[in-house]
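Two complexes, one shared chain (subunit A), two partners (subunit B, subunit C).
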Partner chain A sequence: MGVIDKLGVGIGWRAEIDLTVERLPGVDFVEVVAENLHVEHLPESIVLLRERGVPVLPHAVSLSLGSADPVDLHRVEHLGAVAEALGAPLVSDHVCFVRAGGLDSGHLMPVPRTRDALDVLVANVRMAQANLPVPLALENIAALLEWPDGELTEGQFLAELCERTDCWLLLDVANLHANARNLGTDPNRFLDEIPLERLAYVHVAGGVENDGVYHDTHAHAVRPEVLELLGELRSRVDPPGVLLERDDNYPSDSELASELAAIRAVLARHG
Partner chain B sequence: MTSGTTISGRPGISVEEFGFLSGGPGRAAEVAVVRLLEAGLLRISREGVVSAVAATSHGAATPLEAYALGAARTGRMLGDLIKATAAGEALEALRQNLVDRGLLVSPGRRKLCGSIRSLALVGVFCAMASVALFHVHIGIGIGLVVLAILIRWFAGRLRRPVRRAGRRAIRKITVMSDDRAGIVAQHGLTGRIGKFPRMYYVWEMLGIAPSAGATLRRHKPVTTTYAGSCSSCSSGSSSSCGADNSGCGSSSSCGSGSDSGSSCSSGSSCGSSCGGGGGD
Partner chain C sequence: MTEGPRERLAQAQSELLAALLAGGPPPTGFDERLLRVEARSLLAKRRGIVAMLNPEMVDELGDRFRPLFDEYALTHPRTSGSRAREDAAAFATWAGERGEISDMAATPSRRLGRLKSAVRPRFFRRRGTSSPGAEKMVTDLPTRPRGVGEQEAT
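Up next is the complex of A and B:
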């Protein structure tokens, strides 16, 4: 049992598809990008969803917890304020860094999987947790490179992070697929190594493969390989929630509904 | 350009053309956008962000619709999209077609008539000055003033955007109550329909959220440009034509605000196509 007993199947709320999200059948919960929300002026659609009792989970992209720089507490406070405004049971960000030396990368950059980098990450996560009103979940990212001299596999790295910080895991199976495709990592070994009992919920997203490189675009349909990984995960554990992420090139309502239905079908088939 | 669509019981005039003749280029653009929304090729958010559902112009019934679909590919505020569409090449082609068919006055003729009106006004002052300064007979002065006023009035009549044939065509059109695009063409999105005291805006009839409808009332200049199917489509204000210019205000902002210091301006950060960056 995770930080939330049961979330169900959800979709990432984006301003462009707010009405779609509201009218899609069977959306059990949604996730919002915390940096895009102002606590004083929550979007009408979000307020409506909350009034309906739909859980709205803030998802951050800018804490840069893997950065050697100290955590920006203003960003943490904003994330906490959003969580309180939405009555969210948890918040999330990524195992990555997005900022260094005063420069923003604009991307989620992988953290070197060394013990030194883990110490830095643990310190930053603890700092964030101390300033957040709700539990923090951290997500595995997709990367196109690995730093040299890694001492731990990604699964070991996340397992130790969870053990030392009591954080939760937000598992992105599309990122898992991306890393398997681009870096040659073993998804099954990853799933063997992470503490599945710390699973908060799961991300599923679409992508595209160009010239042998998989791009986690969130702007294409979910690929069968990603759903297969979701099935593999489901055969090991019943995740509290599974969320479809779509950030661009939004398809019709019926196509989004089909993708949600496909996720439900995988969960049912492997349950 | 022919759109292939007809307005309620009036073959030969498309609903976009009806919109143009009734309310100018902005009205025609509104018709195109509304038809795309009704067809499910565009979607609109509560805040008024309009975005294309499909990544191609497949499904657009007219060049104007194809233009609007392309312009909405990345998501734009409703008012901004209408204004950009009204200033695009496709709409210029629609205008030229109406001119060629004798339904609309050409921009050149309108400009000429405008110049004549200005000259007539100068003539009025010159006539008055000639009486006061050069002791021209007051009868001649009055005659010149009356002549200048008549010329100015006549040029004003000729300058009206819709020709008599166009006005006659509009009068013959009957819009059915279930013809939503036709209602937009006739009244505009910001037009009011219904009977007093139960009147409402056309955009309300279409189910557009109030905050999205509000984007139609903003009249900020648009600085964004669309470089899709049109090479030079700066979305400045379009020339007025007909009854009104359909209130196509705009806002260049789109979607909810983002944290200025965020690593990702909107949406979640994803994509791993650059320098080893990760996707979430």
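Up next is the complex of A and C:
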């Protein structure tokens, strides 16, 4: 496999649930939002987890690598510095753009699945990779809208991105469910098309459906359809890691523990 | 004039964000219903972050917060490189200039927040509460969502 041998099952570390994350049984690894960390002032909870030998993987949300704007190397350098401070084996961000025309969307926006957009993304990813001390994994996002005139499926787009940049994939099965529900993406075809051997790890998260639109909130329980997709993935490949993301409306420790247990159960059942 | 992929993409992405964030015309070929869904979602997330950063102001505005913020947001889209805290402060100033809030609420809460974090030990840290559209935040480098900055306040 190379970069990532085995991560296990993990949870997104957030300051609001730091004690929970420290206490939860069976947390094999955690992820931190890189923009929220200052290398000089790592939270004591993160330091504790590192002392225990728990891998802490930096996850970025602001590189905007799908943007037509030039890559902001200041952000890339910060991500790399966080990775070095944490001794992380890899870092990640998303296949998306955040900034364009002087505006900031405040959220991850889909890129057009065109040759033009892929060329720009590939160039940006290479620029980021050249300035990072560890490998880069890129995540599929949940989109609420679709660009017109797409030339590639999402799976084809990601496959070509991996082939041309040697990046790794961070596969979010909740985002895949969101795009299947909202945009009609075929999840099986998606899983057929992506290079599973480039899988770094997997995200699982909760969401809610309002007026026929699935919202990837990270503030609700993980839905059965998302666990089914995890099972479908597991029947094809043994992912190095699977990580639960919860960002708001935090439930009790026991509820988080049971969501982790449900993930383990799916992996075992389909293994 | 010859245009490369980057220039074409820049144009398309700019038009999309202008439509979603600043009331620009819908770009050709998009589903207009989905554009509205996306615009509402982005606005809700931005509103939620500002509400988290200045709860005193939100309390004072009550039911007026949402319509006022939405009016502000449309005419003040976030610019590249801006920070969530700057957005919250700019909205407070805007609302203050219109006489919607008192001076106390218009000059948030940094002092108050620091005071709180200084006296609240780690074990009693407040759990997160629900807020609309609060998916994983896109913050800018020195910006930290609620909780994080409190913990490591310098």
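Quick notes
The criterion applied here is as follows: the second predicted complex is superposed on the first by the 270 of 271 C-alpha atoms of A that agree within 3 Å, B and C clash if a C-alpha of one lies under 4 Å from a C-alpha of the other, contacts with A are read in each partner's own complex, and residues count from 1 in each chain.
Everything below uses one rule, namely that contacts are C-beta pairs under 8 Å (C-beta built on N, C-alpha and C of every residue); 3 or more make two chains touch, one makes a residue touch a chain.
The structure displayed is predicted, hence computed values, not measured ones.
Looking at the shared chain after the overlay, A:D172 reaches subunit B, while subunit C stays out of its contact range.
When the shared chain is aligned, subunit B comes close enough to touch A:I141, but subunit C does not.
Legend: residue contacts after superposition of the two complexes on their common chain; A:G53 is shown touching neither subunit B nor subunit C.
In the superposition on chain A, A:G271 contacts neither subunit B nor subunit C. When both complexes are overlaid on chain A, the residue A:S105 reaches subunit B and subunit C alike. Using the contact criterion defined above for the overlaid structures, shared-chain residue A:G184 touches neither subunit B nor subunit C, since it reaches no partner.
With both structures placed on the common chain, the touch criterion links A:D149 to subunit C but leaves subunit B unconnected.
By the touch criterion stated above, A:P43 is placed in contact with subunit B and with subunit C alike.
Overlap of the subunit B and subunit C interfaces on subunit A: residues 14-19, 33, 35-36, 38, 43-44, 61-62, 75, 78, 98-99, 104-109, 144-145, 213, 215-218, 245, 247-250. Residue ranges of subunit A in contact with subunit B, taken from their complex: 12, 14-20, 33, 35-38, 43-45, 59, 61-62, 64, 72, 75, 78, 94, 96, 98-99, 104-110, 139, 141-145, 172, 174-175, 178, 182, 203, 205, 207, 213-218, 245, 247-253. For subunit C in complex with subunit A, the touching residues are 5-10, 12-18, 20-22, 28-31, 34-35, 37-38, 41-42, 45-46, 49, 77-82, 122-123, 125-131, 133-141, 143-148, 150-152, 154. The touching residues of subunit B, when paired with subunit A in their complex, are 40, 43-47, 49, 51, 53-55, 75, 209, 211, 254-259, 261-264, 266-280.
If you check the complex, the residues on subunit A that touch subunit C are 14-19, 33, 35-36, 38, 41, 43-44, 61-62, 67-69, 74-75, 78, 97-109, 111-112, 115-117, 119-120, 123, 144-149, 213, 215-219, 245, 247-250.
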